[in-house]
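Take a look at the structures listed below.
You will see two complexes here that share chain A, one where it goes with chain B and one where it goes with chain C.
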Partner chain A sequence: MLISKTTQCSYTPTVHRYQKEIQRQDVYHFNNMTKSKADEEDYWNSSKFKAFTFDDEDDELIRLKESRQAVNSIQRLVEEDDDEDDVEKVSWSGEPVGSISWSVKETAASNQRTDREPAFPKIPTDTPSLSKSQSGYSLSSLFKGKTKGGNFQSFTDTLSDSSIRLYAPELRKPKSEYKDYVSDWSPEETIQRLQQGKTAPLEKFRSLQDKLLLLDFAVSAHDGNVITAVLIYLKRTLSKEVLFRELESRQTALRHFIHYLTETKDQRLLLELLRALGRTEDVALLQYKEHLSIADENKRRDFLKSCLSLPFSAEDSAHVQDHYTLLERQIIIEATDRQAERGGKVEIFQKFPRRASILNMPLITTLYYCCFYHYSEPEGTYSSPLNIRQAFKISEKQYFVTALAARAKLKAWLDVDALFTSRNWLGFTRKKSPLSFQRVVDVLQKNSAPTQVLQDYVGLVEDPDMRISLAQKHKCHDIVINTYRDMKDRQQLLGYRGKVGRGSAEERKIDELLNNQQIRWKN
Partner chain B sequence: MANSARRDSPELPDFSLLKRLARDQLIYLLEQLPGKKDLFIEADLMSPLDRIANVSTLKQHEVDKLYKVEYKPVVSTSDQLCFLIRPRIQTVKWICDVANADKAAGKFRRYKIIFTPQKFYACEAVLEEQGMFGDVTTDEWAFYLLPLDDDIISLELPEFFRDNFLAGDQRWMRTAGSALHLLHSLYGPFSKVYGIGRYSKMAYESWREQVEQGEQRARQAEIGNVFLIDRDVDFVTPLCSQVVYEGLVDDIFRIKCGCVEFSPDVTASDKSVKVMLNSQDKVFNEIRNEHFSNVFGFLSQKARNLQTAYDKRRGMDIKQMKTFVSEELKGLKQEHRLLSLHIGASESIMKKKTKQDFQELLKTEHSLLEGFEIRECISYIEEHISRQVSMIESLRLLCLLSITENGELSFSYGVDHLLTFSNLRQLGLLVEQQPGETLTVMESRVGKLVNDKTAGKLTDAFSSLAKKSNFRALSRKLNLVPKSDEEYDLRVPRDMAYIFSGAYVPLSCKLIEQVLERDGWTGLEEVTRLLNGNEFAVTGQITSINGAKNDAQRIILVMFLGGCTFSEISALRFLGREKGYKFIVVTTAITNSSRLIESLLDNHV
Partner chain C sequence: MAAHLSYGRVNLNILREAARKELREFLDKCAGSKAIVWDEYLTGPFGLIAQYSLLKEHEVEKMFTLKSGRLPSADVKNIIFFVRPRLELMDIIAENVFSEDKHHSSRDFHILFVPRRSMLCEQRLKEQGVLGSFINIDEYILDLIPYDGDLLSMEYESAFRECYLENDQTSLYHTAKGLMTLQALYGTIPQIYGKGDCARHVANMMLRMKREFAGTQNQILPVFDTLLLLDRNVDLLTPLATQLTYEGLIDEIYGINNGYVKLPPEKFAQKKQGEASKDLPTEPKKLQLNSAEELYAEIRDKNFNAVGAALSKKAKIISAAFEERHNAKTVGEIKQFVSQLPHMQAARTPCFPTLLKNEIQSLSNNSRQYPVSPVSASEAFFDNLTVEQEFMTGVDTDKVNTYIEDCIAQKDPLIKILRLVCMQSVCNNGLKQKVLDYYKREILQTYGYEHILTLNNLEKGGLLKPQTSSRNNYPTIRKTLKLWMEDANEQNPNDISYVYSGYAPLSIRLTQVLARPGWRSIEEVLKMLPGPHFEERQQLPSGLHKKRQQGENRTTLVFFLGGVTYAEIAALRFLSQMEDSGMEYIIATTKLVNGTTWIKSLMDRPESQTP
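For the complex of A and B:
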């Protein structure tokens, strides 16, 4: 294994970091995988998008930078006579001073301060008491919560709960108001009152028929708040069996009930309901979901194991199995690696210390980790990348991307090389890759691969135009020259002669080719 | 573009009234609680509250300390606690815990919950069950509508989307109806209401009932027409990457309640800055609706002009200088500050987008919209997944693929592509991130996508949301994808497609255009069939006082149930300029692709 001594890189703690890692290395070029550069250009020219490109070297960005400079140069002028009067006062956190968000943070901070100094009694620090502004009074006394017109005053005549009653004169009485003084409301009237936020006794609806009527009116009123109110009443006054049975034929009400049970975290009743409805897969998923609340990894693993026998759908069942297997494996790897790291004898952990545990990381992160720390382990171990690949049936391409990213990060160029090398039946080696070589070059280059390494892969890029542009970018002269030769492009070759060093080996090679009578140049 | 507005374009109504009403009502509610009190505010209510009141407003009404609701034991020493919250069971439970803990400790306090925009019976049931009904009193603050800008009003209810479309819980329908009713009472009477979607119908019904139960004063209408639309009528548009400036800023920096936080790399200083993004920001106002490719040119022109304006100072005498300082300098400085922020933001966007191969991404999206080279799209998505670039992004592309292709993948692309999808799985079940951020996609609806039989599951999952999307047929019928052989000059947009680089006219906005043009759904029968029906167009009795009636008819309130994107708002602004309308967008929340996908994840206990 070849690891450059100068590199400073290490295993990063979170998934995001891993993802970023992979992302940064694998700048992905769509067109090369699927179609040629020429095709792509064709596409851009033929369509309407060419007016706009997000390209690094775009003129626009340069213009923008110029604008930035122009504006910055003005800065000085501005500061000369800056009286700050139009600048919003902003606290350290960026919140405007006086804003509510700012004030809440201030409270939190001051609480922390008082928490830390319990030894002395608190001296009452009277903040200057702000007298009520007259304007505030007058405005609101005029207002009395009723400016909206119509029947928005619903809560004023709620009888049961408002200890504070509003005695303001009613501006407008809804037509239905006279009903307020009668308490014998029909199911329909009851629902209407509930919709308006008023109270209405539900207790008088005792027959199943009345209860269901109430529910059906609520559903046809399309007010979820009221539907749930009725459901809460039904839940209290009907046996589960009857309630579940009736809900089965009332889908809207059923969904409200499920949502209500979910929100109130009534897991037990929810499971019973789903079972009664025969939704066994949902039951299994709901039970499985409980693992989220188990923090201890061993307990979590055991819980997952107990989930394996639940009646999942075929695919889900495979997932749960994988989840269990992965966690089980991570627990073993974590224990071993933590020890190795503490022991201080394993070089790689010394050089690239781990910053977080591998527990509960996603599968691909785990694979990356193992490609990083356990690459050359025999296939029989739990932490061997090949073992992981096999156990979880990771696709070839996914394995490649991940292994390449990990080994390139370590600058283990020999490993990279080996990754691509396959032998045919005659024993000749050749390079094969499930991802385009253009992308491979990209990954390598971003990890500062030396030109000799890059050259091998640039040469394997299939599309000649792309190959030339990559070769030029990475100064792989031989490849440029050979490609022009193969394309019989004398003009280009001639042009390139000016770009190589005078008297260099490259220049001599170009001259030889240009003088070669046997080549039938196309131009 | 901003200058090309038709001269006869009607004026927008003044929505600051909504803020005043909300503030006055809050003050009124606080006055019902005499004496000093500590106020606990639900996290996602803080920004909306900031838009209508400030600390001194609260202090004037004897609010002592302010806290954020954090589901932890409280440290307050006040004997009155007031909670300003959304009607959520979890929050009410926490308040009961607080009160019960006080009780156990022998501490006596008064508790008041102010629910906004309304209370739910389920929350009161929690109070009852926890033995706190009566000990904790409740009130409602009917803060339905927050104007985010001259033409954008938000209900600030992002959960509307998930509750309705995923859980099938219609708890917010009354709220939507009441919001509409409030607008109707203040700016109506409306003369026409068009709509499409189940929830639009329900919201309409709820509104209509409220109008019937109340009384309508005869007044001069300021808003004539209303268009209601369900988010699930068009999932394609919010799943696309945004390339209009405002949308792009939202995608990258996340605009929260009309405000964005620019990090130090944008501000080129050591602190981040919060900036309000609305029409008050003159620089922003001119670029917000522009395709990103036009933004640089504009900004550099602006920078040059600014330079010239500053240079004027040279050679001024004292008197001139005095005039300059008192009249122009302030404006210039303001502009300078804004300009450097937007230049910084544009630079940062460029950097981020080039890193992510944004070009390839857009190309894939455009191909999906066009139904062109789907195989390549699938392999792009596959690569995207195996590189673990971003799970949200991968899911977004998958959803887009699913909707545009209507789930026909398994048949059209064969078994080898089913294998392709097995990779998705690895992002799914086995993606368990840090505690608290665990993503076990099994139990999430979208997670079902991430599966062996993704093609099938994909449709299952999304069709429960999108039903049958029929996107391809709709696209043909409504001509949503312009012919690709035509040159599209983004500097001079010719239709709403400019918001997606000329590649796609947003379905939602196209429907609005068509219905307004036809004054109803006539001639769109095939389209509504493909959209699963639920369309309506109703005319009310005109109770409006005649007069400037025609103006009101050209003011159209579009209400998105389940959220809308800034790109859609830009498209509607464009449409308004073209046709002489003014659109007012009312939305349950501003959304974008990440918010949409994130709201469907189920990665917590």
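For the complex of A and C:
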């Protein structure tokens, strides 16, 4: 996220002196005008008035810098010769040798090395400075209009093998630059100057109309940096009410302003703005977002509670409520379980020590945790899986998958069995699942369930092809054999005979079937 | 060093040279020995412009990464900060400068902003009281970086988010500036076409900038005949789909950043079985991927199903010696298949192509018969693909999809879920409220409620939305633009749909139709897609009108605002190579993306997504 880019300042002293003069003039004007145009005071926050330029270095500073540069250039002569060894040719650091990111690491590392060496007195050596190449033109010099004399120069002297003749590009020098030394810039010219990275005082635009004109020109120039510059000026000099009102009809500027406030973390003003615009959902989300930066769980919970009254959309509001309820519960569960674990009396915590705290975990993770540690608790407790399922309206599928995974992890096969068993009104039991039994097998197998357990569920897979493929994979021979029998597929059964152990019970069963005259084989 | 940039239709090395020259000029401005303190993000993009050797020639002796605290000591005269204009970086710089003054005295400080100076940043430095400590504050305009012989990227990651979520048009301004630079070097582009709001903005800015510089004519014979500006939000579908070209797949699995892929070290350990493992590399290795590597250039744009055949053909040429080497291996996981790639760097090693062959073949075979049980990585890959293709062909897009449901239950990575849900939404012109609510609920319950923020972002960006009208216009768009081709030929493609094994990227279809027969033939569909479509002409000085030779190809620069995928690039390269197309394409973009990086850029706090 780049924040808007700025205007450049020019460092030539002439411009600076000139600049100062303009400012002085401005102040003078201002004093006169405040008397005559009192009505403008509404829009002008005079207490904050201060000459505003993009560059307020003054001549003294420039001179100081110049002398410092001079000193430095002398100093260069007494520079220590850095006899850094040649770089290694091969690197396993993962970066290609010679690339910049590789070199960053490399030189930093060698720097550490030299750090450890004892400091010897520096021996002055003469390092000749590189002669600056004056020929040719770089991109920026072309666009900044720095080309001396404005003559076209060909690129060919810098680009070794280009056969095309290149002329100076069309961006050479905008007309407006000739107006550098004219004082009275219109809003449009001011924006152009800012865009070209030059200084231009905004203070002279004092009427609301002028300010808005400035803003509109900035917007139509599409230069985010200039728009932001104008907005900062307006923010300083207009009352909030007026600024907000005017921004409302200028969507682009408004978005830049919102972005600017976000970037500078001016949360208060941002919320105020959004509220004024009636963008209540945005306000709510923005405020809600803040919870992410609160580390303490109790504070976070309280903060979430305060979010409940925010104007979310109906659905988001329900989610935020759930978020709060969940954290509230997690805090209670965490406190109880931590104590139980420390007490050392509860078997499950001894056998399977908790790896992490449950705080701030997603709901399903919390459910898994409770299915793991609190499976058989009565429905009334906070940590009871059934209670959680109820409170958060967890879908049947999600509940089953989670409970299955947790119980399978504990190898509590009876619980797994019970999960899928239902009784009909005649009292017969049968297995039912909201997920495909194929998925159930998958979960069980991942938790290394024994074949006896697996085959119960493989047998329940509805699609015969799928069932056979799973049964073969998990070596549930009975199921394979029975399925082929049901499909009346003699050939396949014959083929499978070769895959079971010689003289095994399975082989006998296959032989029995193959010899059975009652079956009408399809092949 | 960057010869691959000059082989294309347009010599992009000119642009690179110009950028290098400017860098040299800035470095020479700071006379004497230097240390560069890098905003780490910039090292990637800069790597495409210059190597360390160039910096060294200009007395850069040390390089550090920008970190808070004290600067490492270095006996240099100048400390130069290379940074993006971001406020948080300014605070770090201020800290560096402050702690510096106590320990050293005579080092000079400079800042180079990339790609633009920022008033806000300078204000911040001033507030921190360090602005006066800098001798030079300059900007390095790095708008369009040459990436390959036919490819330019701004490497501006947040462009889509800024344009469509935050409505910040700064990236568009940079785009327009970059295009002006390009025109300065390669001539005025006489025709500009565009589709989308951002495209319109960029074109407006370009025309305006041209007016501002009126009076001086660009005397360069135009290299580009046409510029096509395309908004990413005109085609939200394509980046969501899994890319199936070789390079696209590498990007999907390992991620390509700034032209480099980072491969885990274990990929290099395979050959030395039995040997002591202590010598094995522990850090990931980076490889550069571009047309400089001949073999890579040959296969990168092929459908992964065709890579095997291409390589085995190549293998026969190189060597037959290792033919039997990896026969024992049966299932190639996709990861393994791509992992062999490092050997590509050295295509001279004769075994490399054969190493790849078997894995790719087993992948190709797998894709024909859909796997039974979702266990292995490659099977999960094809399951995912099946669902994507169902959505793209319009099957059951109005219902809750069980595969997505299962993936959530399995806690698959959130981004994968979001990609699929968004895809379903786009292919259905919005989801039924009930379906949307169900997905949202499941996602928040499984991955955490804080993702409310991300879901809201996706809605703002138009990737996820409730159906507003009962009419779903996606089928009409699909049929008119022939987005789905039933039997795409992956081996010897005759249509761009090969890059997604059946799906022809919408963005590229628009490009193709523009070239022939023209957009007038698809007015109706253009109206269904967001944003205006337009055509502009830029006057050329009379002497510069091209006298076209018979049969000479025209050149179009296609600029994707908000990102482009490797598969789309492959499709455009395919069109360039078609004998009767008469058009060559150069591609430019704000950033090379894939579904994952793209969705990530739209998330709030993506780092908190890993459970």
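Methods note: the second predicted complex is superposed on the first by the 347 of 523 C-alpha atoms of A that agree within 3 Å, B and C clash if a C-alpha of one lies under 4 Å from a C-alpha of the other, contacts with A are read in each partner's own complex, and residues count from 1 in each chain.
Note that in this section a contact is a pair of C-beta atoms (placed from the backbone, for glycine too) under 8 Å apart; a residue touches a chain by one contact, two chains touch by 3 or more.
What you see is a predicted model, and the numbers here were worked out from it, not measured in a lab.
*Asks:* Is A:Q438 contacted by the first partner chain B, the second partner chain C, both or neither?
*Replies:* A:Q438: touches chain C, not chain B.
*Asks:* Pick one for A:H259: touches chain B only (first), chain C only (second), both, or neither.
*Replies:* Both chain B and chain C are touched by A:H259.
*Asks:* So, does A:A406 touch the first partner chain B, the second partner chain C, both, or neither?
*Replies:* Neither partner.
*Asks:* Quick one: is A:A471 in contact with chain B, with chain C, with both, or with neither? Answer first, second, both or neither.
*Replies:* Once the two structures are laid over each other on A, A:A471 reaches no partner at all.
*Asks:* Touch test for A:A295: chain B only (first), chain C only (second), both, or neither?
*Replies:* Touch status of A:A295: first partner only.
*Asks:* So which bits of chain A does chain B touch that chain C touches too?
*Replies:* Correct list for chain A: 54, 61, 65, 68, 72-73, 75, 82, 87, 92, 94-96, 98-104, 107-108, 111, 115, 130, 132-133, 136, 139-140, 143, 152, 155, 161-162, 164, 172, 174-176, 197, 222-225, 228-229, 232, 252, 255-256, 258-260, 263-264, 285, 288-289, 291-292, 315-316, 319-320, 322-323, 326, 360-365, 392, 394-395, 397-398, 401-402.
*Asks:* If you look only at chain A, which of its residues touch chain C in the complex?
*Replies:* Interface residues on the chain A side: 1-9, 54, 57, 61, 65, 68-69, 72-73, 75-76, 79-80, 82, 84, 87, 92-96, 98-104, 107-108, 111-112, 115, 122, 127, 129-130, 132-133, 136, 138-143, 152, 155, 158-159, 161-162, 164, 166-176, 192, 197, 221-225, 228-229, 232, 251-252, 255-256, 258-260, 263-264, 285, 288-289, 291-292, 315-316, 319-320, 322-323, 326, 360-365, 392, 394-395, 397-398, 401-402, 435, 438-439, 442, 465-466, 469-470, 473.
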